[in-house]
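Next up: the structures, one after another.
Same chain, two partners: chain A is paired with chain B first, then with chain C.
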Partner chain A sequence: MIAESGHYALVLALALALIQSTVPILGVRWRDPALMNVSRSTALAQFMFVAVSFVALVMLYVTSDFSVVNVYENSHSSKPLLYKITGVWGNHEGSMLLWVSILALFGGLVAAFGNNLPLSLRAYVLAVQGWIASAFYLFILITSNPFLRIASPPIEGRDLNPVLQDIGLAVHPPMLYLGYVGFSISFSFAVAALLEGRIDAAWARWVRPWTLVAWIFLTLGIAMGSYWAYYELGWGGWWFWDPVENASLMPWLAGTALLHSAVVMEKRNALKVWTILLSILTFSLSLLGAFLVRSGVLTSVHAFATDPTRGVFILLILCIFIGGSLSLYAFRASALKQGGLFAPISREGALVLNNLFLTAACATVLIGTLYPLALEVLTGDKISVGAPFFNLTFGPLFLPLMIAVPFGPLLAWKRGDLLGAAQRLTAAGIAALLAVAMLWAWTRGGNAFAPLAIGLAVFVIGGALTDLAERTGLFRVPFTTAARRARGLPRATWGSAFAHAGVGVALIGIVCETTWNSEYIGSMRPDDVAKIAGYELKLEDVTQRKGPNFSEMLAQFTVSRDGQRLSEMTPSKRNFAARASSTTEAALLTNGASQLYISLGETAADGAIAVRIYYKPMVLLIWWGPILMAFGGVLSLSDRRLRVGAPKPAKAARGLQAAE
Partner chain B sequence: MTLWFVFALMTVAAIFAVLWPLRRAGRPQSEGSEAAVYRDQLGEIDRDVASGLIGSTEAEAARVEISRRLLAARDSQDDAPVASSVRLRRSAAMLALIGLPIIAVATYLPLGSPRLGDFPLAQRARAPDAAQPFENMVAQVEAHLEKNPTDGRGWNVLAPVLARLGRFDEAVRAYRNSITYNGDSSERRSDLGEALAAAAGGVVTAEAKTEFERAVAMNADEVKASYFLGLAAEQDGRGSEAASIWRAMLAKAPPDAPWRPLVQAALARVGGAPVPLPGAPVLSNEAMAAAKDMKEADRSEMIRGMVERLATRLKQNGDDVEGWLRLVRAYMVMGDRDKARSALGDARQAVANDEARLRELNEGLKNLGLDG
Partner chain C sequence: MPKLFAILFVFMTALAASSAHAVQPDEVMSDPAREARARDLSRELRCMVCQNQSIDDSDAPLARDLRLLVRERIASGDSDAQVIDFLVARYGEFVLLKPRFNSHTLLLWLLPPLALAGGGLALWVNMRRRSGSGAREDESLVKLTADEEARLERLLDAEASSEKPL
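Our next item is the complex of A and B:
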């Protein structure tokens, strides 16, 4: 009964989505408020039914009802409860159900909290959400139905892919989906604006919180995924330029550009058409990611099951939505009222520069991801575009962007003073130069660019701090005054400072990890000692242990430094009988932001184990950076202050700042 | 019935969600507008001036800019009618009342299985289900083998069970282990080949064929392997070769061989149909029993038939310890504990004179979870 009720709830959600996608549009056409309002209640009800459906699937997993094909194929009765629940989205069908649940959640949120929207805009936005939802409900029901049954249920399930039996599965996909799907709202707003044929500064204000929410979750989701890959896959790598990772990076880059261009639109009523295009592109890239991952075009950890019919279906959805929205854009964009012009040296100008670099970076990633696929389709040649390509193209685009980041917030709207901004950044520049000099003196050899890159990161962080110091008048006015001003500062200012500092922090981590990472690879027997980066790791013992649904080989290491015993590390290798596969569980020892990392390889016939030991200096900064960025996003989200561009008169009193 | 009642309730809730906003003709009170945003912005400027965040000149400039937008927004404020037409609302309501249930039912019926209840594992474990002791036994044997992976007899017991459960890949592994630890034999090779074929969905793959060929090389009279080699030939489109293999089998077979009808049917298929259809192979009994879509009654009848044939064979020749074990296990699977007990007694009697066999039997029974 649970299974069938969940199935029927999903079908009802489809029916409601179909009504939601048609009736409100007719309502706007015929200017009928009652019909427009249908969008709201259907969106809420649709969310309720998808939630019922999702909860039903979770319950089926928890009770191990193997009469459901999806549960049988991806669960096992002896799996711990947490993995039974996370296993719901650890497979294609379940993850698509999570996808639509989040889509419906966002639709429901717009319906519930969209009181500040004009009726017709809300009707359009929810109708567009309804189209997207209908397409994906059909996709799920027709090609990837999680509620299909087996008449004579097997006794035991086939278990979840062992790599996915990890706490990471509880966090990474939901976060990432909240990000991907969150951009559907800005997409719907953009299409709604095109349908209405009217767009202005208020639009940007309305869409901003949704974009920000999506961006925050996408940032966290990508960071979490990267950390997960780092500790679970056993190679100590945190970014592989794998097409699937690129698929999540592209919407992030476009979304970041969108956030910045929406600010210009909100404050200066400019860049309107471009912002609309970015909204469409961001969600299109999210959809493209879904297509690449699910169609079987790529093979990776994320390609749970590949099925050509699914690929064709998603491709169809992709063509309809991207093609449709872009043609609509082509038809209507020229009819939209253009915004004002502005000077190149100004806050707007800096934001446009940001947009140029971010979209160019996004385009590079897109090319690097799609070119090998296209080549394979056309000529059959398999080439792999990996780190070298991206380092050579993505790096040079990001460097000038990073140099420009500190200048942006210091420039005023309309008319900026580049020289003045540079003067105010002197302190940050000096800090950066000091960092470079110290690193050069300290580290001999190694990559000559590394100290420069770290100097750049210090400059970015210093720039963010300078911005805050300038606005609060720290060091110029008495501390209490500065503190009062700091409290009164718009949260968005704090938010952008944190986010920009986060970029710098992540950059430091990336440079340190790639440059001064040391490794030891060899085979060890009990009582062997490995020396790495001043640490001594002694393999004490190798033991076997039985887990709930796996057996495990544990290696015990004692870590000591200068003869002093510091800690123990126990990496292990798990063997999952139900899937006849194994995973490596790396052991991590954190010291500040640096980590020691041990993962086990194969056991040789004579009892020696292949061991990989890495010392990764400052590696945790790579993930603290995005967390800072996301925190900045949250601060900015909590800001309800004015967002209007006020021209800064040339002789404005120092200390009085442009309104945010 | 409850299920349909729940469905009806859910449908009513969905319809209600569409009808709810249609009950009122007027415009809702809570509607935002651009003008509201700009007024809000003007108010915030005053607050910022008060808290000293913005200079008075800048504030003035900002006010002018916002006021300009505010005026523009007022101008374009739509002159929508405040009331909605009754005709439109009625047709929308009709759509919800008729369209929604039709869409829902028309989508659900081809996809759903409303007649199937839930099968949560806990409930199945409690139920006096024939599968219950069987499931426990499999788990026990698996656990035992996890600890003692070199126990060849254990693999011997487990492999056919896994094959029957439809876990063919694991059955293949179990048969391989059985060969490694028990030594090679034509029966084990052909069982392995059968599991390989079953894992490939009934197609005798090259890998499976190799196993059958090995089995036949060891024992030219190996029935199962010969049959499957014929099947392989049939699937490759060499019907005449298949027919000759099967004909040779029938010629050599004793008249009461239990597999006679199967081979005769296969022969008829090759000889009867002018173009043999590959991809429609006849599986062995075990594999067929595992077929998902088989009706419960048919399946249990087939299993019963198999078990009876096994019992008759053992009555004639009681030396086959493995056969006895299989028989006992089969009775237990069918939930027939009394028959299992009596078969056990028969088995003990049959091998009582042979120390080695008796020990083997007791070991096997222990593995099955019965006292030795």
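Our next item is the complex of A and C:
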């Protein structure tokens, strides 16, 4: 009964989405406020129904109803409750249902909180949301229905993939989806602006908070996924340039560019056409990601060809939405008036430079990800494009961008003073040079690139601090005055300083981890001692234990340094009987931002265990950086001008306003 | 360890997974310099049965065979380039995670710099065009056409003779 209710609710949500995607547009055409307002009620109702559908699937998982194919294939009655719930989106059908639920959530939020939007704009935005939602409801109902039953229900489920039985699954996919799908709002706003043929600074002010929300979640989602891979996979890697990762990195790069160009549009009414294009591209890349991952095309072009229903359906959605929005853009963009002239050396100019490098970096990732697929389809030749390629092409694009980051906020709008900005950055520059010199002296004969890169990171962090110091007049006026000014600074200023500093922090972590990572590989028996980076790790004992749905082998290590006992570490290997597979649970010991990392391998016939131990200096900075960036985003989001709401546009259609 | 990574990012449907363990203790070469070379080479070589993993990261049996093969070639005195050539001759270009620059990969290597250069060029052209039109706009603001001069004159005359309209 629950399954059928969920299925039925999903069909009703589709029906509502179809109404939402047509009626409001007729309303705008006929200037009928009642019809335009249909968008609001349908968006809210649609969210309600898809939520019912989602909750129904969660209940099926919680009660372990194995008469439903999806539950049978991905759950097990002995699984802990948390993993029963997270297992809902640990598979294709469930994760698509989560995808549309979040899409409907965002639509509902626009409907609920979009009261200050002009009626016609809101009608268009929600109608476009309705188109996207309809496409994906159809996709789920036709090709990926999670509510299908089995004729003769089995007694036990096949369990969730053990690697996914982790708290990471509870956090990472929902965050990532909030990011991906959040960009649909900026997409809808862009398409609505094109349909209306009107766009102004107020438009940018409406779009920015939504873009920011999506960006914050995507930043955290990617960072979370990276940390999850780091501790779960057992070889300490945190970024692999895997196509699946690239699929999430591309919208992030484009979204970051969009955030910055929207600033220019809001403040200076310039870059309108480009901002519209970026909004379209960012969500298109989210859709592309969905296609790459969902169609199976990554595993093999041939897998895609043998079972094409899902892949072709998503490809169709992809073509319609990307092709449609870009054609609309081509036809209508010229109607949008360009405004706000500026000199090349100016805040706008710096933000344009940021956009140039971010989109070029995004294009590089796109090319590297799609090229092997295209080549195989066209010529049948198989090549691999992996980490070495991306490091070589992506790095050179990102480093110049990093040099430019501190200059941007110090330049004035319209016409900036590069020399003046450089003078104000003297302190940051000196700090960077000192860092380079000290590291150089400390790692004599070592890698020459690492000190330079860390110097660059210090420069970026110093630049962010300089920006704050300049604005508050710190060191120039009495401290109390500076503190008062600091409180008075717009939150968005604090936000950008934090986010920029976060980039520098992450870079330090990345460089330290890749350059000074030390590693021990060996076979160990109880009482053996491994030495790494000044630490001594003694294998005390190996024991067996039983968990709720697995059995595990624990190895107990005592960690000491200079004869002083510091702590214990217990890495383990878990065996899951239901899937006949095992996972490595690495043990981590954090010291400041650095970590010791132990993971276990196979046990040899003579009882020795293969052990891998890493010492990863400053590794946690890799994730503290994105957290700082996201925190900056939250600060920026709480800025008064976004909180209080956007002003009415200069030329709002009066007749429509009055009708509200 | 097939396709393990992809699972982590949850986008993939369930795939078989096992624990990760790449380089085994018994594979490590006694000479640290040679071992370091072997590790560096391993990171550039693909485990062909895995999804986008280097043989250094993978614990698939094939990856182990390849790691041992790389070490064997190094032990027999091959240079890095010779090891790579040997593997490409045996397994094809697919084994390289960083594709070689040739006619097939021309676009792959050239498109990223071209994207940057093209974007920069488009910006430059756009900037020139707009600053040009901006200047013209400024001029048109300052200079009145003959028609406008005449109208202005008439208005001023009208004001002088205190025949205010309205």
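Odds and ends about this structure:
Quick note on the criterion: the second predicted complex is superposed on the first by the 631 of 660 C-alpha atoms of A that agree within 3 Å, B and C clash if a C-alpha of one lies under 4 Å from a C-alpha of the other, contacts with A are read in each partner's own complex, and residues count from 1 in each chain.
Keep this in mind: a contact is a pair of C-beta atoms (placed from the backbone, for glycine too) under 8 Å apart; a residue touches a chain by one contact, two chains touch by 3 or more.
No experiment lies behind these values; they were computed from the predicted model shown.
After superposition onto chain A, the partners chain B and chain C occupy separate space and fit alongside each other. Looking at the shared chain after the overlay, A:397 reaches chain C, while chain B stays out of its contact range. Contacts of A:522 after superposition on the shared chain: chain C is touched, whereas chain B is not.
Once chain A of one complex is fitted onto chain A of the other, the partner contacts of A:500 are absent, as it touches neither chain B nor chain C. After the superposition on chain A, the angle chain B-chain A-chain C between C-alpha centres rounds to 110°, nearest 10. Of the two partner chains, neither chain B nor chain C is touched by A:347.
Of the two partner chains, chain B is the only one touched by A:9; chain C is not.
Looking at the shared chain after the overlay, A:389 reaches chain C, while chain B stays out of its contact range. Touch criterion met: A:149 reaches chain B, while chain C stays clear of it.
Once you line the two complexes up on chain A, you'll see the smallest CA to CA distance from chain B to chain C is 13 Å.
Residue overlap on chain A between its contacts with chain B in one complex and with chain C in the other: absent. On the side of chain A, the complex with chain B involves touching residues 1-5, 7-9, 11-12, 14-16, 18-19, 23, 26-27, 30-35, 37-38, 40-42, 44-45, 49, 52, 60, 63-67, 77, 114-120, 141, 145, 147-156, 198, 200-202, 205-206, 269, 485, 488-490, 546, 551, 577, 580, 641-649, 652-653, 656-659. By the touch rule above, chain C contacts chain A in their complex via residues 3-26, 28, 43-44, 46, 51-54, 57, 92-99, 104-105, 107-109, 111-112, 115-116, 119-120, 123, 127, 130-131, 134. Remark: chain B residues 2-3, 6-7, 10-11, 13-14, 17-18, 20-22, 24-28, 30-34, 36-38, 41, 44-45, 48, 51-55, 57-59, 61-62, 65-66, 69, 72-73, 76, 78, 80-85, 88-89, 92, 95-96, 99-100, 103-104, 107-108, 111-114, 116-122, 124, 131, 134-135, 138, 142, 146, 165-166, 169-170, 173, 292-294, 296 touch chain A in the complex.
Across the complex, chain A meets chain C through its residues 73-74, 89-92, 95, 160-164, 168-169, 172-173, 225, 228-229, 232-235, 237, 240-245, 247-248, 293-294, 298-299, 338, 341, 344, 352, 356-357, 359-360, 363-364, 367-368, 371, 375, 379, 381-389, 392-393, 397, 521-523, 573, 579, 581-584, 599-602, 610, 612.
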